[in-house]
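Each of the next two complexes has chain A plus one other chain: chain B in the first, chain C in the second.
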Partner chain A sequence: MFDNFLFISSAALTVCGALAVVLSPNLMHACTYLLTSLIGVSGLYVTLSADFLAATQLVVYVGGVVILMLFAIMLTGGNDNKSVNKFGIEKIAPMGNIKTFTLAGLSALLMALVISKIIVNVTKAVPKGELPPFSSTVEKIGELLITDHVLAFEISSVLLLGALIGAALIARPRKIES
Partner chain B sequence: MITLSSYLAISFLLFVCGIAVMIARKNIIAILLGVELILNSCAINFVAYTRFVNNNLDGHIMSLFIIIIAAAEAAVGLAIVIRFFQIRESIHIDDATQLLQ
Partner chain C sequence: MNETVVTFFSGSHPYQVVTELLTRYLGFNATGLLTVVTFFVACFVIVNVMALVGGLGTYAERKISADMQMRQGPNRVGPFGILQFLADGVKMIMKEDIVPKDSDKMIFFIAPILCMAGVFATLAVLPFSSGFTLTHLNIGVFYLLGVSSVVGVGIFLGGYSSNSKWSMIGGMRGASQIISYEVPVTLSIIAMVLLGGGLNFKDIVGAQGGLPHQWFIFHNPFTVISFIVFFIGALAETNRAPFDLPEAESELVSGYHTEFTGMRFAFFALAEYVEVFVLCGVAVALYLGGYQVPFELSDTFLLHNKIGLPLGPARILGQLLEVGGFVSKTCALYYVVIWIRWTLPRLRVDQLMTLCWKYLTPIALINLVGVAFWVYYFDGESMWNLIFKSGAAAAGGH
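On to the complex of A and B.
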C-alpha cells in the first residue's frame, strides 16, 4: 500500500516535472521544474530499494547541480532581448518557437517509435519471480567500490579533479585591458 | 503496479522529454537541462534492472558513476557557458558561430 503510494507519487512528480521542463516558457521555471523531476527520480530509487542512490541523488543533483544551474542562469542575466545576430539574421526566441517545437515533437516521436519497438521485446523476456526483500545497500556498495570497481573509482576521482580545475580555469574573469 | 515495465516507461518518457528539450530550446543552459533529464532516465534503467533481473548491485555502481559524471559535466558546461557570456554577452546558441574569438 505504502509502496504503491510512493511509486505513484514519485512517478507523477518525475513525468510531470519533465513535461513542465519541455513546456515552460521561462528558463528559471524550467530549472525549478527540473528540480521536482529529480526529486521524483530519487523517490523512484527508494521504491527500487536503492537507498544509497536515493540519498546521493538528493545531495548531488538537488543540492548541487540544479543550484549551480540556477547560479549560471542568474549570472548570465536570464533571457536576452536582442533579436538579430551578428550577421543580421533574425534569431529564434531563446526558449524556442512553434517551428522548433514542431521539429522537437517530430524527432521525439521518431525516437519514441524506435525505443518502443525495442522495449516491447525486452519486457516480454523478463523472468517472473519473487523479489528479494529490502536490505540496506550502503555496505555492499562500499565493498564493491573498493574491490571490483576500484579502477573506475580512482579514474572518477581524477575526472572530478580535472573538472574542478578546468571549470575554474575556463570561467576565470577576463584580464582587464589597459 | 511496481513492475519493470512501468520503470522502463517512466525512463522512456524522461528520455523523450530530454530529446525534445535539447531540440526545441535555443538557450544553452536550457539544452543542458535536457542533458540532465537524459542522464537520469539512463540511471533509472540501470537501477530497475538491478532490482528486477540480476540483483548484484553492479547497476547501482553504474548509476553512481552516472551521477558523478553528470556533476562534472554540469560544472564544466556551465563554466563554458559563463565564459561564452563574457565574450559574446549572450547565451543564445545561434551566437556560437566562431571558433576564434
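On to the complex of A and C.
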C-alpha cells in the first residue's frame, strides 16, 4: 500500500509539474515547476528501489541544472512578452516558417511513434511482476562504471574536463593591452 | 532494508505488546499502522527539537558575540535572557507581512519554504544515535548532499523574486557560492566514505571509535586536511561569516532576504541556523566519531549484564548517551562556527572564488588520492595503529 501511495504521489507530482511547465506563460515560474517535476521523477526512482539514481537526480538536476537554468533565464531577460506581431498575437521565435513546421511535424510523428510503442506495452496483459527484494545499488553501479562501461565513463569525464577548461578560459581575467 | 527508528523500537518488548493488542482490537495487522505512527511521532519530535535548536542558535549567536565584544547580550527575557528567541518568534508572527508590489508573488511565497524544506529533509539521515536516527539510509551522505542543494535554489529564488537590486545580487552570490563550494565539500566527504566503506552514516560512524585517536580526523595526515577543507566549505555553504557575502549587511542591506518580513524572514533565518547545526552534525559524524561514546559505555550488553539495568532502560540509556555524545560534539563545533563569525572579516567575491577553485578544490582532490593511497597501502589502518605496531616491533614484537 505504501509503495502504491509513493508511486501515485510521485507520478502525480511529475505529471502535474510537467504540465505546469508547459502551460505556464512565465519562464521563471516554468523553471520552478520543473523543480517539482524533477523531484517527482526522483520519487519514481525510489519506488523502483533505485536509491542511488534518485539521489543523483536530486544532486544533478535540482542542485545543478535548475539553478543553471534559472541563471540563464535571469541573465537573458527571460520574460518580456513585448514582441507582438501585427495581429496582436505574441510572437514566438520559431513560429511561422516552413522549415520549423516541417521539423515540428516530424518530431511530433516521432514522439507519437515512441509513445504508441510505450502504450502498446501497457495495454497488453502482462502478468503483474514482483520487484526483487531491495538491495543497495551503489556497489553494482560503481562496479559496472569501471568495468563494462568504463569507456562511457572516461569519455564523459574528458567531456567534463573540456567544459571545465573552456569555462576557465572564458572566465579568466584578460590582460588589458594599453 | 535500512535500519530506522522503527527498527529500534520494534525490538523492544512494549512495542511488540502494543502491536499485538492493536492487531487484536482493530482486526487487521497493525504493524504498518504502528510504523507510520512511530515515524510520524519521531519526525514531529525531531523537527520541533531542531526548530528549538535553531531558535537557541540565534540566542547562542547573540550571547557569544556579546561575550566576545565584552557586552551583556540579551539578558531581560527569562533567566540570562534565554527566552529571548521565543520573544523574537512572537514578534515575527505579529509583524505585518509585506510583499513588495512588483515582486514575483508565487516565487516570493515558495522561496522560504524551499529553504526550510531542504534543510529539514536532511534531518531524516542525521545520525543522532544508532537507534534514534530517523533512518540509516544506505546512501545517507549522498541523500543529504542532494536534499540540501534545494536550499541553494531557495536562496536564489528568494533573491530573484524580491525584485530588488540588493536581493538580486545576494541571491546570485548565494547560488554561485553554494554550487562552487559543493565541489570541495563533496570531495572531502568522498574521502571519508572511502575510509568508512559506505555511504551509510552507520557504516562511517561505526568505523570510528569513541576516543579521539579512533576518530577519522586523526586517522591519517590527509584526513586532518580533509576536515579543514570540509569545515571551510561547510561555512561557505551555510553562508556563515567569513563567507556571508549573500547577506553582507554592510554592502547589500541584508542580501537575499532584504525584502522578506515576519514569518517568511523567520523561515530563512531558521533554515540557516538549522543548516549550520546539520552541517556541524555531519562534520561530527564523518570526522569526530559521531555518536560513539568512549569505552563503549553505550553498549546495551554492558549496561544490561555488567551494571544490571533491565533490558529496556539499558537500551534507552545507551541511546541517550550516544545522543549526548553527538549533540555535545556538534554544539562544540557550533561554538567554533560562531567564534569564527565574530573573529574574521568578510572575504571579497573574487577571493571567495579563488579560495574555492584555486585552493580548496585541488587540495581536496589531492587529499582524496592520498586517502585512497593510504587505504590501499596501509590497509585502512590509522596512523596511531601503525606507530604503535612499529614501536611494538622495535621492542621485540610482544
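Keep this in mind: the second predicted complex is superposed on the first by the 117 of 178 C-alpha atoms of A that agree within 3 Å, B and C clash if a C-alpha of one lies under 4 Å from a C-alpha of the other, contacts with A are read in each partner's own complex, and residues count from 1 in each chain.
As a convention for this text, contacts are C-beta pairs under 8 Å (C-beta built on N, C-alpha and C of every residue); 3 or more make two chains touch, one makes a residue touch a chain.
On a predicted model such as this, the values are computed, not experimentally measured, just so you know.
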Open item on the list: Is A:F52 touching anything from chain B or chain C once the two structures are fitted on A? First, second, both or neither.
Closed with: both
- [ ] Report for A:T32: first if it touches chain B alone, second if chain C alone, otherwise both or neither.
- [x] second
TODO: Could you say whether A:T14 touches chain B, chain C, both of them, or neither, answering first, second, both or neither?
DONE: first
- [ ] Have a look at where A:L144 lands relative to chain B and chain C in the superposition and call it first, second, both or neither.
- [x] first
Open item on the list: Once chain A of both complexes is superposed, is A:S116 in touch with chain B (first), chain C (second), both, or neither?
Closed with: first
TODO: Using the touch definition from the top, say if A:G64 reaches chain B (first), chain C (second), both or neither.
DONE: both
Open item on the list: Looking only at chain A, is it chain B or chain C that touches more of its residues?
Closed with: B
- [ ] Have a look at where A:V22 lands relative to chain B and chain C in the superposition and call it first, second, both or neither.
- [x] first
- [ ] Jot down the residues of chain A that show up as touching in both complexes, chain B in one and chain C in the other.
- [x] 52, 56-57, 64, 71
Open item on the list: Show me the residue ranges of chain A that touch chain B in the complex, using the header's touch definition.
Closed with: 3-4, 7-8, 11, 14-15, 18-19, 21-22, 27, 30-31, 34, 37-38, 41, 44-45, 47-50, 52-53, 56-57, 60-61, 64-65, 68-69, 71-73, 75-77, 79-80, 82, 85-87, 89, 91-96, 100-101, 103-105, 107-108, 111-112, 115-116, 119, 122-123, 126-127, 131-132, 137, 140-141, 144-145, 148-149, 152, 156, 159-160, 162-164, 166-168, 170-171, 173-174
TODO: Name, in rising order, each residue of chain C that touches chain A in their complex.
DONE: 1, 32, 104, 106-107, 110, 137-139, 142-143, 145-147, 149-150, 152-153, 156-157, 160, 172, 175, 179, 182, 199
Open item on the list: Touching residues of chain A toward chain C in the complex: what are they?
Closed with: 1-2, 26, 28-29, 32, 35, 51-52, 55-59, 62-64, 66-67, 70-71, 74, 134, 136, 138
- [ ] Could you please specify the touching residues of chain B with respect to chain A in the complex?
- [x] 1-2, 4-10, 12-27, 29-30, 32-34, 36-37, 40, 43-44, 47-48, 50-53, 55, 57-58, 60-61, 63-65, 67-76, 78-83, 85-86, 89-92, 94-95, 97
